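What follows are several structures.
Below are two complexes that have chain A in common, paired first with chain B and then with chain C.
And now, the complex of A and B:
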């Protein structure tokens, strides 16, 4: 969010390559659609309707974008301290578990003043934060690479969630017959995140303004605050930062805690805003997609929001295209993968210009 | 546990460990040379896909195997160019490639097989090892497809190469201090390219084992995390070959137990058994089980 400080040509140099990568990927997408023998106009129309066609489609895309943006913002914050958080998937899962447990705890649903949905969301953020924080503590205490730690923690959390919905002693709904699904009870209405429109025909939730507000705060903290400055110092030169009296370990733990908390919040919003009961496969890739969004943004919070919107709408459009025109939504994965590979590859030419 | 069950358990442990063993052996070489390939997952999936397509089209699992390798090599080359030539972030590009391959194989499978999906594809059959397969209790353990023995053979060869040959010393040097090795005149870039391509070939074999070795069909996203598990095996194996082999067998045993324990009437949460490999690896990297010594230049690009 520091566009105001840079010249137009520098801005172009920064957003040009991602833009070109997206265009190139979309071109490949068109070629694949034609190559598969699908009617191009029909496919594009289905894509358009699925992404932007009506209030419901737009809301669903925006809710997707919210989850991706939260994980992405967390990634950017940790990355400021030169930490790579690849554990978004697990942090979302921990958030989902915590939110479910809190929502299903009767006294919570009875809380007044909207606390009934706020408390589980905070719990979700805390759980995700703790999960990220563990990696921070390990990094500080025993020098464990945070990429490896967050990745392993991610798998552990995913199966922890699976365990929770498989076991009646944990969160599985009471088994009344052999056909009882392995998922939690639906959470009470009072714990649902309120809809902005008040109508389930366009179910965009309060998560959207929350995310925009958090994005603004994050951008401000990173660019203007002492904490943001110290994170950069720890990232750029930990030894120098320590000599300057900065608590390096504390900042590493905080950075990963915050990144995890954003992921946990995304999990809470997914549960309390869309899914309303915990199921196996709860997160289904949002953590990895969010990581990709964070990465492509190249440390810009504005970039995270743009990428999250792009991927959110692309996913929705892709699903509609599969149903409406018979083009598998796997095409969207191909485009996403291409965008990542292209941008990551191009970064070399950008960095070389700035470093050498 | 009766002896028959024990033999079945051992046989399925080995069968489930082999795809991991192929991929982990390849990834170990690459990581010792300082390159992490998160794309092992995608490369295995591409191998499974290529193997299935090749075997279905030609009717020969042997040609399927060749197809598998030919499918994966361009992907490994892409990963190698991104990490070694363009110095892109290794984790990011790997995850990007995984997303890409998942999409491409899903799309490709539907385009090629369409309604005929889930059909049985020609594959390798289990062959009893003469003599050993007639052993009273352990017989079933020695009735496996030939790729199983190849996996152990390659693992042993790689172990010997890494510890006893000049190439191994140079590779390990590149993983610890590429600048120093480059000063001695070794072609660091070329060797790292080679290591990644080797990982590709091994991942292709591991993936093909899944599709045309084990179940004789292809399903979308059928690796389902096996590639990540292979990377976890290298980590849990503390970047040593024989420990990585043991890790693969251990992970195979944990998976086999999921099917065996219910038969014995023992109730253990399934999730715990699936989680076990990750949990063990996590405890290992957390420093709770011995000391971990990763190659010092792991995941760091080399600038000439």
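And now, the complex of A and C:
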């Protein structure tokens, strides 16, 4: 007997509300486009082209989805211990800083066997993990709410990144003229994350399979492992977990470390797979969108992947729609917000019913 | 018990209207369904002016649901109510109050930092507060019903019994036609119970209908004019001569042929099957040595508690709740550490040990708060049975569910935990099955030598009470030393070998479980020995 198996109707109850919410939000989106006086057909065509139009568009969407998925998986893992990690943005930034520093450290680029790109990625994960772990330590040592801690740490990380690209003593490229941009040197080719297709016309990186593999591992750990079980116990009842001999503080720190590490890895992949040099505004909101994906998924890793794909493609389409049809890409943010509100609303009513 | 019965005799005049009872509130065909669960079905009941009407029933029989319907917290799924000849369907407690229905809940809603007066005036209309006038009014009101109350005292300084009086006055200020009391005596000392029953009688005499939920038979004998027995959501019996019908009422309540009024759980039958411990010092399995404990505010919760428990001995800790029992239990569970003193199991110092080390030392803990400490409600039964032993069922960090579920169902069978399957949520089980599951885990602690059972029968029905105690006794028979903390004196007298009384965190007396010691224990519990 498999106790974690759920019936088809239960599955429908789980995925039904998010699907309906997405459909409702998209309908609202169409109404808004028409209301703004934009040509609907033109807008939709632009959206389609931007999201799925060619190999490049699909690849760009997938790369966006990868970043969102990683942050979302981390969110779900921390959430298993009843912790809310809202610090994805900062963890991405720390990952980006660490990856840049390692990539630009000459011996790294000379490493064989692909270690040239793996080591900076690991460094990025560690840096993000440490950033999340700080919030965990604050929570266990002094009871600081992790929502506040991770959020404020995000601001610190964002400005640290800004400092890094502004100061030549840190990561800024040598100033040769007053026109030198405040960004790092481009990282060496050897440290780039390899492309799956080998062609820059469809730049999907190795990050995609890595993310899928990590998602599978995370799902397994949450559903079947001792660690996942203990995270649940700590999240559902910390006192009961402590009585059962579980190290509650240790699990809180680990959960936030892992969440941060996923964010850091996302930062590393963004740098080494797409941007190749560190600039201010490096993350541009992936941390917060990833958090939304995690929220949407309601503790399901599969849900994270689905949500990440949805948001990744919506973001690409939205940008194209702004350029091609003059519909502000802020519309996508509105729709994202609407989806979250709808799903949260349905969840509220479902939970209330199941309590009664 | 003698005092309670005497009081009824002394009750001055027969309540007005007993000859021609006037129904204050009638419920006809009232039912309440929660999802698939029928909490109440087709209840017909009338509450009369001038009477104390007791609702009797086991846990889960529907008593609280019934009260909550009258008080407007639940709306009935079927049926109708009539109050003083007018159709009555309160949408919420505020509407119920406006119709003259007031309720004293088990859990008080007072603000300790405020005075009695301010607590009582809270929720009154806005406007100018005439404190002095209100205080006088409240004192007069309280005295009418024989409640003595200092309106200027801080609620924090009051005893539980006094706080309950504040709650009652709060209700009386609304001049209720119907006063509902939900298990009002659960937290009271014997003396305070007598006083409370007297107040109930006076309220009834003033023409109100008093509805009292209880499962203490002595109180019914002492006060009830009428009794309605609920069993699984239906009326199982009624009586307007409760004192005479006692045995029948008890049988209706628990629906088991062999139960009698004095020992509804049949605990006496347990007594014959065990040896008594030798009492030799060499046989000691656990010692508490001068344990003192202060809480985070620096208030002493335990003072110099010294105690030893022998192999196979059941030591009962008696006392009114809130006299250090919770802290003692949490300390032995490893959730709190003593500020002073040490405790040992088989010579091993566990004063600074973690919960895991305590379990590894062969100590089983059945905590007082099952939902917060003893289990994780939202995990499955199987997970809770092995909450502290999951590594046994995992390899390389991955849990072998099949093996775990098989082992859990073996244990569940052995301990008679009834559930639809091992995967059901622990929180969805009945209290008795939850407690048996906790016992299944704790009694199978490897190398078990010492068991703490804190309020192990709280919230359980009588059948489960008996099952829990026979499990604990079986453990003692195999040589496990047991510390049994309970606020149910009858249960301690029936089950324990020796009783120690805790009052304000100190041991104030110790005696055998002979029934003749009951009075002395009561004196110790109330702190009157000093």
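What we mean here is this: the second predicted complex is superposed on the first by the 352 of 356 C-alpha atoms of A that agree within 3 Å, B and C clash if a C-alpha of one lies under 4 Å from a C-alpha of the other, contacts with A are read in each partner's own complex, and residues count from 1 in each chain.
Everything below uses one rule, namely that a contact is a pair of C-beta atoms (placed from the backbone, for glycine too) under 8 Å apart; a residue touches a chain by one contact, two chains touch by 3 or more.
All values derive from a computational prediction rather than experimental measurement.
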Chain A as common anchor, with chain B and chain C clashing or fitting: fit
Touching partner for A:212 - first (chain B), second (chain C), both, neither: neither
Contacts of A:227 with chain B and chain C, given as first, second, both or neither: second
Residue contacts with chain A in the superposition, chain B compared against chain C: B
C-alpha centroid angle, chain C to chain B via chain A, nearest 10°: 70
First (chain B), second (chain C), both or neither touched by A:340: first
Chain B versus chain C as contact partner of A:162, first or second or both or neither: first
Which of chain B and chain C A:242 touches, first, second, both or neither: second
First (chain B), second (chain C), both or neither touched by A:32: first
Partner chain(s) touched by A:332 [first = chain B, second = chain C, both, neither]: first
Partner chain(s) touched by A:148 [first = chain B, second = chain C, both, neither]: first
Nearest Cα pair across chain B and chain C, whole Å: 5
Residues on chain A lying within both footprints (that of chain B and that of chain C): none
Chain B contact footprint on chain A (complex, rising order): 32, 36, 84, 86, 138, 141-142, 144-145, 147-149, 151-153, 155-156, 159-160, 162-163, 166-167, 288, 291-292, 295, 328, 330-341, 344-345, 347-348
Residue ranges of chain B in contact with chain A within the complex: 78, 81-82, 86-89, 91-93, 95-104, 106-107, 110-111, 220, 225, 228, 232, 235, 269-272, 274-275, 278-279, 281-282, 285-287, 292, 294, 298-299
Touch list for chain C against partner chain A, complex: 34-35, 333-335, 354-356, 359, 365, 367, 371-380, 382-383, 387-388, 390-391, 394, 397-399, 401-402, 405, 421-423
Footprint of chain C on chain A - complex, ascending: 1-4, 220, 224-227, 229-230, 232-233, 236-237, 239-246, 356
